[in-house]
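Some structures to go through are shown next.
Two complexes come next, and they have one chain in common, chain A, joined by chain B in the first and chain C in the second.
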Partner chain A sequence: MPTSTASPLRSLALLEARRYARHPLFLVGLGLLLLATVASALQDPVPADLLTQPLVPAMTLGVFGLVVAARLTRSAQDSLDTLGASPVPERTRTAALLLACLVPAAVGLVWTVFTLLWYAANRPSPDAWWYDTLPARDVVGYLLAAGAVASYGGPVLGVVVARWLRWAGAPIVAAVGLIAVTIAGQGIIEPLRTVRTVMPWTHWYGGDNGAGADYYYQGDPSWWLAYTLCLCGLGALAALCHDRTARTRGLVLCAAVLAAAAVATTTLAMVAGPQETRLSPATLHPEQVG
Partner chain B sequence: MTVVLRSVAKRFGGVTALAGVDLEFGSGVTGLLGPNGAGKTTLLRLLSTALEPSEGTVTVFGRAAHGTDAERTAVRRGLGYLPQEVAFPPGMTVFGFVDYIAVLKEWTSTRARHAEVRRVLDVVGLGDLATRRIRALSGGQRRRAALAQALLGEPALLILDEPTTGLDPEQRVALRSVLSRIAVNATVLLATHQTEDVAALCDRVVVIAAGGVRFDGPVRELVATAEGRVWLCEKDHPGAQAAWRTGSGRHRRVGGAPPPEGEPAEPTLEDAYLLMLGTPER
Partner chain C sequence: MLRHAVRALPVPVLVATGPVAALLLWLVDRWPWAAWPAAGVAAATVGAAAAQLFNEPAAAIVDALPRPLWWRTTARLMPAALLAVLWLALVPLVDLDGAGRTPFVQLEGVVTILCAAACTTWLRRRGQHSPGPAVGAALLLVLSFLALWNPLEDVLPLYPYGPPPAPWRTAYLLWGCGGAAFAVVLVLAMLPRRARQVSG
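Take a look at the complex of A and B:
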């Protein structure tokens, strides 16, 4: 019989994290992220569109991670379905998977820190929306939300999908749906620019770089960072709730608090900060600003 | 008694898989025999707590197997289960798979867990293949990897569904040796189509057919039901429940009327099983 009475969560989370780190799709995403980051750093040492860069980890770690996490969740469950019931409850197994999703989140965080430091040392084009042209709080907030948090949120959504939807194609449909909804809700479409902060991923930047017209959209990225963290928390609770034994009053209360916080933070992300779309500094774009 | 079933029934929609089953199992090896679709696997899945009965009660280690979460968890802690088919998580090695299941059986101390995984892999003869990917194993080796996870922690109740499928004769004998050792202190339930495994290993046999218990008793008692109903003869005669030409060229005849020149033969468990199921006369 087992020799320890400690919770199996830690051991299980370590094993799931190892499975995640070895999953072929995660490794493909990681390779693409490294390639894109190195290529960007070498080929464009004076970039003008830094705020678009989190799109790369959001896709390679977040969207790919949705599929990876869903497959890990389903394959473990399929094994257990055949092997009979485990004494470890589903809520603990789900919690272990949610902890394993910290693997891509950690990579996303490292990427974010690298990007913030690299372009602090290698200054981007003076007209770029970055440290000199934006408050550092906004730059850091946006890159953390759109890079590191997105690298966690995608895999968390994958666990949710795998727990609640049994059909095999669900993760792929969810990934495609996530991309479609995110594209449709971007600030590129002007009427949606104010409400775009309800999206789990959004641009804070747009424009025609070739012509030098670099727009910075309205809203407050720091509040949007808080909102994306609330979404991750709600996703984790939704995954845990699949186990009926996990549906305690405390968990429901926690979900209610997080939902209220999500509504509050996304509203603050809309109404706080500048309320107009701004063009990058006038000195470098005289033809646009007259 | 380790396991007690009272008036157990299980229905899947309009199909009744088990009905009115009353059984008790204590230590030792019990063989479950029955044709495909008889309800053996359903019975084992009920005992493993993977399924809930539609009616009746299942008690394991004195606890309701389908009672509160705490009772169900306590039951799960004491059992090992080998299903007919196992879905292995992709990309895992033999060691990785058994280690993963060990964590799901609450082996949280890494050192103790790894030692236990190595032990069960040695027991099933896969110690040398521990680092090999499961997808690279043969069918018999995969079966043994699945068996290894069932043996983790020397469970007090070991439930095995067709454990010898895909094993060669040497491996089957080795498995019998392992199970007979375990059965000294544990309850082993063995569902199989292989009557020779039951004859070689089991103290008791339960024959299940059409969702009900047709026989429950010592193996020798089931064999005794075939006394005087098995013959060896030179020619095949119609009217037997089962008959075939043996390697010696003579015909073995089970059931039906005694053949004119028939020589009574020592019945086997297989003969008794065929007679019990009432194979249609030919």
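Take a look at the complex of A and C:
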């Protein structure tokens, strides 16, 4: 009799990844991402607010992914509740789901690379906040964090919500709560602008000032990238820790190290880099200049 | 009918979404120009909550009882109407400061509730027991995305903002037509099924 040599984690991760890739909400999000990306890429002239573009994958892959991952987690758990037992421990099933969340993350990474390359060749006005006015490190760091990492962070949060909260409406409330908190934490509240780097998603581009110029907020996007990666790691550990048998000393130590790293990196994202909101030259939006 | 409507109320969903919708509207009130998309997200949240009203947790039992779908949907439309009235009453309290228009935000919410009612009732008619979470999630996510980033803004200006030349008339027309279409779908979904003729 042929036997499978693949580890349970690998088999389960592949199975969950296939389920993720076929989920209707993931496909709807993917369709919206493609539509928005093509529509932006075809715009002429190239939009000056390119730093707002990561909102598209963060929403279509990250927030949509929160609900998709929560649904997948709950549906598997509901089936197991009916069956009574599983030959695979919960921590392995959670790890498989966390690996399946790499599906949207991979799409988010492809989107980020495409955006960075496409708009390196098709640049906006030289006065816009992009490669010509910012260090390439900041542009790449911000797009990676707000695009690719957010595409993984949202689904990871979905797994955490589904593992810890049994209420069926929790993922939807978490999704809308995340959107609400992110709108508040995107820098529109001036006194909170400095500390906005504690948010899992935020802006550096602050919109136009109504007189032809664009804002660029303070802080260092590269350190914020490190912070968002720490948040993903903490989310994964929080999901794994739902299984009592997974709460080993090593895992707790790992969580403590990641939490300390998250505090350090978000603080650095606040205090490093320029410390004032900057304005582009006032010729960026000629229609606004009287 | 009233008793059915009260028993069908998903109190936890309403309790959870109320503060989030209020937070979103407060953001619009406080920073209308910067947080204008939050009005669209709030309307989508209300629609997602409305979708839960049309769930039938005990469908296997009630579908076999004499009360038809149209009766149960009519009963469930009462809390949905209450939700719409609450929305219509709350929105004028938000100071939009010219960024948006109060009747437009009110229309968004009502059409979203109608859309939720129509889609869930249609799916219930097709045999799904609890389509509320799926319809609610899809409605919330897609409309929130369009409120934040509409890739077809020039063709389908669903969430305009600011003074003219913002395409308010087109937006009103789009939402109005959408509302009318969803109302028709809702009525069609509620119509009693024709009994199948058994030949021979």
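We take it that the second predicted complex is superposed on the first by the 270 of 290 C-alpha atoms of A that agree within 3 Å, B and C clash if a C-alpha of one lies under 4 Å from a C-alpha of the other, contacts with A are read in each partner's own complex, and residues count from 1 in each chain.
To be clear about the criterion, a contact is a pair of C-beta atoms (placed from the backbone, for glycine too) under 8 Å apart; a residue touches a chain by one contact, two chains touch by 3 or more.
Note that the structure is a prediction, hence the values are computed from the model and not measured.
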| item | value |
| --- | --- |
| Partner chain(s) touched by A:I189 [first = chain B, second = chain C, both, neither] | second |
| Touched partner set for A:D132, first chain B, second chain C, both or neither | neither |
| Contacts of A:L32 with chain B and chain C, given as first, second, both or neither | second |
| Partner chain(s) touched by A:D44 [first = chain B, second = chain C, both, neither] | neither |
| First, second, both or neither for A:S79, with chain B first and chain C second | first |
| Chain B versus chain C as contact partner of A:P171, first or second or both or neither | second |
| Chain B/chain C common contact set on chain A | 24 |
| Sites on chain B touched by chain A in the complex | 45, 48-50, 69, 72-73, 76-79, 81, 83, 85-91, 99-101, 103-110, 112-113, 146, 149, 153-154, 159 |
| Complex contacts: residues of chain A adjacent to chain B | 1-4, 6-8, 10-12, 15, 19, 22-24, 75-76, 78-89, 93, 245 |
| Residue ranges of chain A touching chain C (in the complex, touch as defined) | 24-25, 28-29, 32, 35-36, 39-40, 55-56, 59-60, 63-64, 67, 71, 167-169, 171-173, 175-177, 179-180, 183-184, 188-189, 207 |
| Complex contact set, residues of chain C against chain A | 10, 12-13, 16-17, 20, 23-24, 27, 31, 34-35, 37-38, 41, 44-45, 48, 52, 133, 136-138, 140-142, 144-145, 148-149, 151-152 |
